[in-house]
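Two complexes are shown next, each including subunit A; its partner changes from subunit B in the first to subunit C in the second.
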Partner chain A sequence: MDTVKSSVTFDIRTKPSGKIKITNWNKSKVVMTGTLLVLTLLSMYGFLTFDYKEINLIQATLDTLANLKLMFLQANLNNFTLAEAIYQIGLTVGLAFLATIIGAVISLFIALFAAKNLSPKPLANTIIIFIAFIRAVPTVLWVFIFAIAAGLGSEAAILGMLLHTVAFLVKAFAESIEELDAGVIEALRASGANWWHVVTNAVIPSTMTSLLSWTFLRFETNFTVAVAMGAVAGAGGIGFELFMASGFYFDMKEVGFITYAILLIAVMLEFMSTRLKKRYIVKS
Partner chain B sequence: MPLLEVKNITKQYEKDKKVLSGISFDVNGGEFISIIGPSGAGKSTLLRCINRMVDFSSGEILFHNTDIMSLSKKDLRKYRTQIGMIFQHYNLVSRLTVIENVLHGRLGYKTTLQGIMTRFTEEEKKEAFHLLEKLGMREHAYKRCDHLSGGQKQRVGIARALIQQPKILLCDEPIASLDPNSSKVIMDHLKNISQELRITCIVNLHQVDVAKHYSERIIGLNGGQIVYDGAPQELTTTNIHQIYGSEAENLILA
Partner chain C sequence: MKIDVYRKKKRQFTIFALIVLCMTFISAKLTNFSFVQGISSVPEAFRWMGSNLLITRESFEKMPSILDKLIETIFLSITATTTASIIALLLALLGSQTTKVNGFFSTLSRFIASVFRNIPIVAWALILLLSFGQNALTGYFALFLATLGFLTRVFTETIDETSNSSVEALQSTGANYYQVVSKAVLPECSPQMISWILFMVETNIRSSTLVGILTGTGIGFAFDLYYKSMNYNVVSLITLSIVVVVISIELISNYIRRVIL
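Take a look at the complex of A and B:
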């Protein structure tokens, strides 16, 4: 033991109590721990100072559970037929699909100019900052802004979703493109290929997988956004029916049915995208 | 008249830190030149000045008596088609097939639309297969490039450069990532190219004995300056000491 001790004592740090330290308190660790501590204190303060309005907690929990039971164990349609429901779901998927496809095409073109390895830095930075502003505003707000011009409805919803989709995908696409090996671009440039040649022959084939997976991801997001848009912005579709069932008819059973339908579609989309990726994209 | 005249070129990325200073040499058609020197001596920068992937700060490079700094964008593309380049890391598009990668070498001759639609003529495709055959890669033509070994990738790189029908081949450490066997295959191919096709090869190398064995002329760089320019037979240990700044006995020359 003595020999080991003598050879390594020079860099062993000890606590004031004399025990050996094993953590290294650098700046980021201090910040992380501090943040966690503050959040914990704030949560405790929040719970202690809530205005509970004399709710009987047990009764309230039981009522909620009863509602949930109605929703999810006795899901049923009352105000419209299954065919109608399917049609409405189709409408919602359609909204999401349109916003995603148009958005992806526009994004690809903008992303080429937003990627720092293909475009001059000032231009790329300008685009990135500009779309960051667009992204910072929630989709719903954009829909309302477009509703001023287009009226509340599916047109405004698609325009709003489209704008947000573009803002999201440009950033995602540009980052995928920037991951491309700079040497490949150099090799083509050195052989006399021009900018468009590099894009179509090297950039697109190399990044296709990630471009498509980002688009699928956005499609899934857009589906849930489209549900919300149906409810708030009157874009129609299953979201509107959900809104009517919950806020107008107070029909818990129907809310349950619609929730299941939305869940089913979301799972199907996820399943499809995984299959497509496996089958057509990752061929190696 | 030399094919390429490099006259007193200087390159600095930052103020008062010259990567290249006062580099001058002439290159004749069909020459096989090795450039040796320690890392950071400016070998890669020098090669990239020749095809203007890097713009040098002062001096001039004449190709067939034309100043390459005066070329317009369109003429620069045309000029680059005459200069092939191969790389240490091959720089192939790994998701595409071998033959597609070889044909990329023809993009310099295409209009924007032809390039986007990947319209290659039957002659170009035949030539691509012919080159692959000569490099022993014929049976891999439809394989994706990420399925190839390093030596095979480098041969695809060579085919991509040759299909440009270049006058000069710039090779940036072509064997630095390869095992001794593949290295020999690649160096033999390069030697053949310069002898049979009379294409000038300018090769950056780390291995002094490889440079001595293959090249007709060695240029030694140190600190951005030429410290040796001559035949490989005349390269003495004193020269090597000048180039690498340490005793030759302390170097792994292989």
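Take a look at the complex of A and C:
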């Protein structure tokens, strides 16, 4: 009896040692390995060239740990009252809220012109490049630049944060709008609807939830930014108190209290935005 | 019936809009923000930018020193990101539902990630500044800790989302923990993780400018110095150079993402 021979022959690539080759060096694998290698080399070079100024690393680390222990285990207020602390937190949240809400309204209008399915391509591309430029400048630099015209304070901080918020939200909004089914727009256009009809009857209702989620996501980021602006750019709020407590009073217990307060708000915001994101943005 | 649905939606929308308006009003009151002054200062700011933020020939003479600071900032953000990503990978392996060793370490890892992520980077910088002083290491550790929190979270999510079926397949062939991690989890998740690392390098360049202003290192320090001495031509040169660096890194990482994802 003849043995049945398999008609399919497998091309098994083997190493000289006889082992079967299982890694396939395609372009993606080469680029990944290259990226990791370059990053590793750059970090090693970075560590060798930093200006350490003869710091005593062990002593500094021990000091930091002692400070952290003081902060987190004996958090307390010394230079201002609890009511004032709550007021300062409210101030920071207020800064973030104003920058986010004004930014969201402006972004919605710009995003309509930046979405490629609603506006001509050259216009959309121009807006996208322009906002990429605005986004590349760190927020704190925008705040400083506005501070010269408006004076240090809430106006400069809000305008600077606003600019960055708009740059972020226009991109996110435009991408949400572009995900809209092309058939819906076509159907409306075929029935004689003009641009404005398309926007109010198709675009806004069907993207509303994801636009709101993106806005809330940005609110979460803006809270952190507002803390930073208080500390660096004198915009007031809890960030400024943090800066004073650590830089002027050297009061680690107060720094601890402020850190706890910021942490509490941030965790709350993150919890809410994660739920919104899971529900409306990530569609699985 | 149908009309009721519409009416209900309309009512919900009105209530939502009213709440937002109220909160806007309260926030404006609280922060002393006047809309009139805010809006009126915008054209003024842009006019000022147009006339003062010009890059002159003299400011170009400062270019070598700016470049020096800029390179320090770039290296700072890269080293902080890479070192944080190694620790974050270990924490994520402990924290993920697919690869966790036991419940205790999983909860611990998630707790660490949450705390480090939600304490703002300025707070870390200010705390570290007290004992490390004006040093490159202050910025390094501040960036490192914030990056660690963020990367641990996204790595954990990546492992949770991508590697379920292949882990199960390997486990059913009798592979042990290390084999599962090195042959299933890492190859499956590495494109996504590299993409997140690149994102963090980009973000950290912007954050390290902020940290630099506080800790007196890198390009942030240079910006602060020329800003306070009102040498706005150099300020605009510095801003422009940051923009060039951030956009180039964005373009490079977009290219890498297109290839690997």
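Basically, the second predicted complex is superposed on the first by the 235 of 284 C-alpha atoms of A that agree within 3 Å, B and C clash if a C-alpha of one lies under 4 Å from a C-alpha of the other, contacts with A are read in each partner's own complex, and residues count from 1 in each chain.
One rule holds in what follows: contacts are C-beta pairs under 8 Å (C-beta built on N, C-alpha and C of every residue); 3 or more make two chains touch, one makes a residue touch a chain.
Note that the structure is predicted; figures quoted are calculated from it, not measured.
Annotation for subunit A, partner touching more residues between subunit B and subunit C: C.
Contacts of A:Ala193 after superposition: subunit B is touched, whereas subunit C is not reached.
Contacts of A:Met161 after superposition on the shared chain: neither subunit B nor subunit C is touched. Of the two partner chains placed by the overlay, only subunit B lies in contact with A:Ser206; subunit C stays clear of it. With both structures placed on the common chain, the touch criterion links A:Ala261 to neither subunit B nor subunit C.
In the superposition on chain A, A:Gly183 makes contact with subunit B only, while subunit C stays out of contact range.
When both complexes are overlaid on chain A, the residue A:Ile110 reaches neither subunit B nor subunit C. With the contact threshold set out at the top, not one residue of subunit A is in contact with subunit B in one structure and with subunit C in the other.
Those residues of subunit C that touch subunit A in the complex are listed here as 20, 23-24, 26-28, 30-34, 37-38, 41-42, 44-45, 48-49, 52-53, 72, 75-76, 78-79, 81-83, 114-115, 117-123, 126-137, 140, 190-191, 194, 197-198, 201, 206-207, 209-210, 213-214, 217, 223, 227, 232, 239, 242-243, 246-247, 250, 256, 259-260.
Residues 181, 183-184, 186-194, 196-197, 200-202, 205-206, 208, 283-284 of subunit A are the ones that touch subunit B when the two sit in their complex.
By the touch rule above, subunit A contacts subunit C in their complex via residues 27-28, 31-32, 35-36, 39-40, 42-43, 45-47, 49-53, 55, 57, 59-61, 63-64, 67-68, 71, 87, 90-91, 93-95, 97-98, 101, 132-133, 136-141, 144-146, 148-150, 153-155, 158-159, 224, 227-228, 231-232, 236, 239, 242-243, 246-247, 250, 252, 255, 258-259, 262-263, 266-267, 270.
Subunit B makes touch with subunit A in their complex at residues 51, 53, 77-81, 83-85, 87, 89, 91-96, 104-105, 107-110, 112, 115-116, 118, 144, 146-147, 157, 160-161, 164, 170.
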